[in-house]
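Chain IDs A, B and C follow the sequence of writing; residue 1 opens each chain.
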Amino acid sequence: MKFESMADFIGMGGHGLYVWLAYGIALAIVVLNVVQPLRQKRQFLNQQARRLRREKGLS
Amino acid sequence: MSEMATNEPARRREQGSAGVFRAALKRDLLLAFRGKSDLVNPLIFFLMVATLFPLGVSPEPGILAQLAPGLVWVAALLATLLSMDSLFRADFEDGTLEQALLSPQPLILIVLARVLAHWIMTGLPLTLMAPLLGLMLFLPAEGMGGLMLSLLLGTPTLSLVGAIGAALTVGLRKGGVLISLLVLPLYIPVLIFGSAAVQAAVTGLPLAGYLALLGAMLALGVVLAPLAIGAALRISVSG
Amino acid sequence: MAKNKTDKNWMPRWFYQLASPRWCYDITGKLLPAFSLLALVLLLGGTVWALLFAPADYQQGNSFRIIYIHVPSAILAQSCYMMMALAGAIGLIWKMKVADMVAKACAPLGASLALLALATGAIWGKPTWGSWWVWDARLTSMLILLFLYLGVMALHSAIENDTTAAQSTAVLALVGLVNIPIIKYSVEWWNTLHQPATFTLTEKPAMPVEMWLPLLVMVVGFYCFFAVSLMLRLRHEILRRERRSSWVQALVESR
């Protein structure tokens, strides 16, 4: 381990803000690019299910 | 398009590619001359953009002279961009474009003639007007030659690349800002070397390298752009 | 579709199978768990390695650890553009719907990776050079790459017809691809501030092993993440485009 203590780790030798900001943005982008397509697909399937039910109800 | 009904006395029809090119060019220039107000607009815009900088930044000769090479180039770039939207639109709307795509004439020649006509009516006047702007922005006299040469070599490339954007968006109702979005990143190399050439001229350094690069970009554009323009036109018309 | 035995039978069978959206949907369904696990392991492991075990740079201190995000995202942003242009070209030439869908999926993914590269590059710049933004060659090129991505996305959303949109954006992506070397060279010439590239897979790296090994792990991890996100987007696009077909309707009903 390159750090003596937890405080050291968070502080990153004074560069803590930059390192954690960068890694935080990276995490956000990774999560966004996984969650967004999944949610789109779920919304689409629900939408199509509703449409199918409507069409069945009419016929 | 090789057979135009004109008032000229009937003469032997010119065969081959040169004939097609010349006929298309003649038609485009004729049409352009008829819409006179459209010709002047980019030039007025050019002048106005150059006026914005002293007003927005500072009228001091010291500051403006430093910015002048880039400013004139940016203004020329934006003025060219403004005129690109209408390049194919009129022909698209009245069906002439579809006819041109269906005709046996090679599309590349028709496209090249159109872009050349556009440059003659827009890029060339901008190049000729540029020294006036240089004067207003306190560009040193040594830079004027470099300014005109770089614009002479650069503006045809701007017309060629802009035409790709125009061809991609001709079928859309709202072309305007979208063309700028598509085309501006592609304009950046021309801008970099164009303004660098003017800068070199101002400081007395040799221009040849920059002009050679601009020439190379133009050559690449002349060869490749018509292919992209033709493909984009076919897609836009059929879509 | 009658199979013509005389033309193109040097192409492997899977190439033609790729043309079937349904087959693609099924195979991505099988590949997703494996790639997701791989991405998770590599990214998590790489991050822990990068933050805790990799050495800090002598001059830049701990802010150097940002390189483990910045370089992979930059590499991927560029690879993604090439993939987008290639998929667009395949869709244009062979009129393959799936290729069009892959190209469409690449655009927002590549744009967000370019954005990540820009953000981490800028953040890295603050402790290193003192300001939040510097107009150096690499960052400026990445910004222009982002503009190219945004242009493709804007064109796609402006055209209603799916096929026309795919064809137009394919042409745009290819024009952009030809321009990327020209833009890179112009911007590099224009500004020589940024340090030369210190990491390539084929050349001998200028960094010691303890530094480029975690970097390699992160690059591969990012590639796996890219594959996962691409497949997720592709699957949604396949379902959307094929919603009228019977297999999609069966899928909807079975939920």
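Rule of thumb we're sticking to: a contact is a pair of C-beta atoms (placed from the backbone, for glycine too) under 8 Å apart; a residue touches a chain by one contact, two chains touch by 3 or more.
Just so we're clear, the structure is a prediction, and the values are computed from it rather than from any experiment.
A count of C-beta contacts for the chain pairs A-C and B-C puts A-C on top.
Using CA-based centroids throughout, the chain positioned farthest away from chain A is B. With centres defined as mean CA coordinates, chain B is found 45 Å away from chain A. We define each chain's centre as the mean of its Cα atoms; on that basis chain A and chain C are separated by 17 Å.
Separating the CA-averaged centres of chain B and chain C is a span of 33 Å. The residues of chain A lying in touch with chain C in their complex are 1-3, 9, 12-16, 18-19, 21-23, 25-26, 29-30, 32-34, 37-38, 40-41, 44-45, 48-49, 52.
Every residue of chain C that touches chain B in the complex is listed here, in rising order: 144, 147-148, 150-151, 154-155, 158-159, 161, 163-164, 167-168, 171-172, 174-176, 178-179, 182-183, 185-187, 189-190.
Every residue of chain B that touches chain C in the complex is listed here, in rising order: 164, 168-169, 171-172, 174, 178, 181-182, 184-186, 188-189, 192-193, 196, 217, 220, 224, 228, 231-232, 235-236, 238-239.
Here chain C touches chain A in the complex through residues 43, 47, 51-56, 61-63, 65-66, 69-70, 73, 109, 112-113, 115-116, 119-120, 123-124, 126-127, 225, 228-229, 232-233, 235-236, 239-240, 243, 248-249, 251-253, 255, going by the rule given at the top.
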